[in-house]
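Scrolling down, you'll hit the structures one after another.
Each of the next two complexes has chain A plus one more chain, namely chain B in the first and chain C in the second.
Take a look at the complex of A and B:
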C-alpha cells in the first residue's frame, strides 16, 4: 500500500474540487454548458475515485448502499413532483409557466428543480452501477490469471 | 521615459502579446506532434509512456498558456488557468499510476535483461520482516 502514496495524496487534493465543480455544472446548467446529467456523473466520479484509491469498504462507510436507492427514488420523485404540482396549479404536466405567480420565475425555478432531480438520479445510478460492479465477488482469483 | 502604452511604432503591446501567444501555441503544437509521433513509433512501453506524458504536460500546457495570452484578463483566462493547474496535477499522476501498474506486473525497460530492481526489493522486504 506504501507505493500508492502519490495517488492517495492527489486523490485527497482533488475530491473536494471535483465535488465543487459538479455543483457548479449543476447550478450553472441553465445559463451555460452543463446540467443535471453531467453534474450527476461528475459528482459520482469524485466518490468513485475515492473508492478506487482508498478501497470499497471505506467508500461504503461514508456513502452506505441504502442511500443509493433512496437518492434514485428521491430524484425521480422530485422530477415527477414538479409535473404533478403544475397539474394541480391547472396547467399541463411539467408546464413551468403556472408553477409560480409569474411565468418568468416559474420557468427559472422549474428548470432548476427539474435539473436537480435529474442530477440526483444520475448520481444514484452511477453509484449503483459502481457498487454493482465493484462489490461483486471475483469469479477468478488473482493468482489464477 | 518612453511611453510604453502606445508602443514603439510597429512594436505595439498587441503585437508583442500576439507574437508571444503564437510562439507558445506553435511550440505546444510541436510538443503535441512529437508526443503523438513517439507514441506511434517508439518500440518500448516505457519510452511510449514518456512520449504520452509529454503531450499531457508540455504540449497542452503551452497551448493553454498561449490561449491565456489571447484571452487577456477575463473569466476565460481564469478558467484556462484552473485547467492548467489541474492538468499539471493529474497528468503526471496518471502517468505515474500507469508506470506503477506496469512495473508491479513485471514489465522492465528494454536493456534491463537482468532484473536487478526486484532482487533488491525482495531483499529489503525480507530484511524488514
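Take a look at the complex of A and C:
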C-alpha cells in the first residue's frame, strides 16, 4: 500500500483517537450509552484498520497472535472471577453489594470490572476473527487473475 | 471441614455446577500444556458431577430449590430453579462428561491437531457449561442464552472432525444453519409470551399463563414457535436433517457426548415448557401433542430405525438409531401421564448410557482400524474382544433385552401406553424394537462371524478408552437389574412436572435470599 499516501496519513491520525474513544465507551458505559461489547469492537477496529492499511506483518509485530487467546481467556476469567469474589464474601454469585464495604460502591465498581472483562474478551474475539481470516494464505494468488 | 463444604455446596450447588466448568474453560486455554488442560477439564467435570448428585438427593423428595443470581430476587432477577426433573438431566450431562473425558484425551490424539487440544478442551467445557445451564436455569431467556452457548461451541466441535474428514465442515454448517433457525424460532416464541405476560421467569410464566384465556392467539402462536424451535434442537422427526451428518463426522467423543446429552437437554426444555409454562389443559396444546407430535414420534421410531438398517457407516447407523430413540422419548411425553413422563426420563438416562457406550466402543475400533465403515469392524471380535463385547451389550440395551437399562425404560413406556388404553402404541413400541434387532444383529454378525483382515494382529483398545467404555457397560447392566432407584427418581421428576410443584410458591430458597 505504498502509494496510498492519503490512507496512510489518515490512518496514522485516526488510530489514537479511535483507541481513546474505545476507552471512553468502555469506562463511561456504566452511566451512559456504551459498555464492554461496543468498546471491545471499537478498540479492535483501531488495530484492524492499522492492519488493513500497513499490512498484517506490521500489526503482528505490535500485537502478536499469542496475545489473542490469552486476552480472550483473561476477559472471561475476570468476569467469572467477580462472581467468585462475591461468593467468597458471603453473597450469591455476581452479587455486587458484598464486593466492597459499602453496597453502593460495590455496585459501581462491580459493573465496571464486569464490563472490562466483557470488553477484553470482545476485543480478543474480534482480533481472533480478523487474524483467522486475514492470516489465511490466499487460495488464488493476485497474479493468477 | 467436609461438613462446611457440603453446606456450602448445598447452598450454592445449582450455580457452582455451571460456574466451575465456565471458569475452567478459560483456564484450559491459558494452560501451557495439554495434560494440564485435560486435568483442569476433568476436575471441573467431576466437581459438577458431585454437585449434580447432591442436587438429585436433595430434590428426590419433591423439594424445589431456588437460587437468586446476583442477589436479585426472582421474578425480576435471574433465578436458578431446580426440581427433580432438572436435577436428573444435570446428573446425566455431568456423568457423561466425567466418563467421556479420559477417553477423549486418547481419542483426540488421532482426530485433532495437537496444537488445538487445549482449545478443544475449552470448547468442550463451554458446550458442557451451556447444557448444564439450560437444565438448571429458571429463566426463559437464560435458557436461550445457554442453548446458544452450547450450540455455538457444538458447531465448532463438530467442525473439528475436519482434520479426519472434510465433510465435517459441511455437516457443521448444516447444523449451524438449522440450529440457528431453531434458536430463532424459540426466541420469537419467548418474545410473544413475554408480550402477553410481561415476565420471563419460568415459574412466574406458568402462574401468569394460567390466568390467560385459552383462546389467546399470541399464546397459541408462541407455543407453535417454541415447539418448532425446540423440535429442531431435539431433531424431532421431520426436522432431523442436521443430526446424521453431525454425529457421523464429529470426533467420536463429541458424537458420544452429543448423542447422550444435547438432544436430551432439549427434550427436557420441551417438557418444561409443555407442562410447567403452558397449561396442559388448553385444547390447542393437547391437540398439538396428540395429533402432531405423537404420530411424528411413531414415524421416527419406524423410519429412522429402518434407515439405520441399511447404513454402511457405523457412526451414521448409530445416529439414525438415535433419531428413532428420540421418538420413544417424545412418545412418553405425549401420553401426558405421570407414567409416560417417567418413561421419558428413564429413557433419557437409559439412552445416554447406551448410546454413549456404543459410540465410544465404535470409536475405539476407529482408533485401531482407522475407519468407521462396516468392513473396518469385520472380525474385530477376535482382535478386540472387550470392545466388541461392549458393542453387544450396548446393542442389547438398544433393543431392550431384559437385564439391560434399555429394557427398563421400554417396559415403563409400554406400561404407560397400556395405562392410557393405547395398546396399538404398545404394539408399535415392540414392533419398532424388532427393527433394532436387525441393525444390532448386522453389527454382531460383522464383528463375530466375518473373518478379520489378513495378518491383523490382536490389539485391544488402550485402557484409557476401555475403562470408560466398560464403566458405561457395567452401568447399563447394573441399572438393568437394579432399576428401582432410577425409576423412582424419574417418577418424582415426571410427577413434579405434572403437579406444578415447579411453578407453585414454596420453593426452598438457597444461597442468600434475593433483595
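FYI, the second predicted complex is superposed on the first by the 142 of 145 C-alpha atoms of A that agree within 3 Å, B and C clash if a C-alpha of one lies under 4 Å from a C-alpha of the other, contacts with A are read in each partner's own complex, and residues count from 1 in each chain.
Basically, contacts are C-beta pairs under 8 Å (C-beta built on N, C-alpha and C of every residue); 3 or more make two chains touch, one makes a residue touch a chain.
Source: prediction; values computed, not measured.
With the C-alpha superposition on chain A as described, chain C and chain B fit side by side in the combined arrangement.
In the superposition on chain A, A:17 makes contact with chain B only, while chain C stays out of contact range. Seen from the CA centre of chain A, the centres of chain B and chain C span an angle of about 120°, rounded to a multiple of 10. Once the two complexes are laid over each other on the shared chain, residue contacts for A:7 go to chain B alone; chain C is not touched. In the superposition on chain A, contact of A:76 is made with chain C only, not with chain B.
For chain A, the partner touching the most residues, choosing from chain B and chain C, is C. After superposing the two complexes on chain A, the shortest C-alpha to C-alpha distance between chain B and chain C comes to 33 Å. No residue of chain A contacts both chain B in one complex and chain C in the other. On the chain A side of its complex with chain B, the touching residues are 3-4, 6-7, 10, 13-14, 17. Contact residues of chain A toward chain C in the complex are 69-70, 72-74, 76-77, 80-81, 83-84, 87, 90-98.
Of all residues in chain C, only 12, 15, 19, 22-23, 25-27, 29-30, 67-71, 119, 122, 511-512, 514-515 touch chain A in the complex they form.
Residues 86, 89-90, 93, 96-97, 100, 104 of chain B are the ones touching chain A in the complex.
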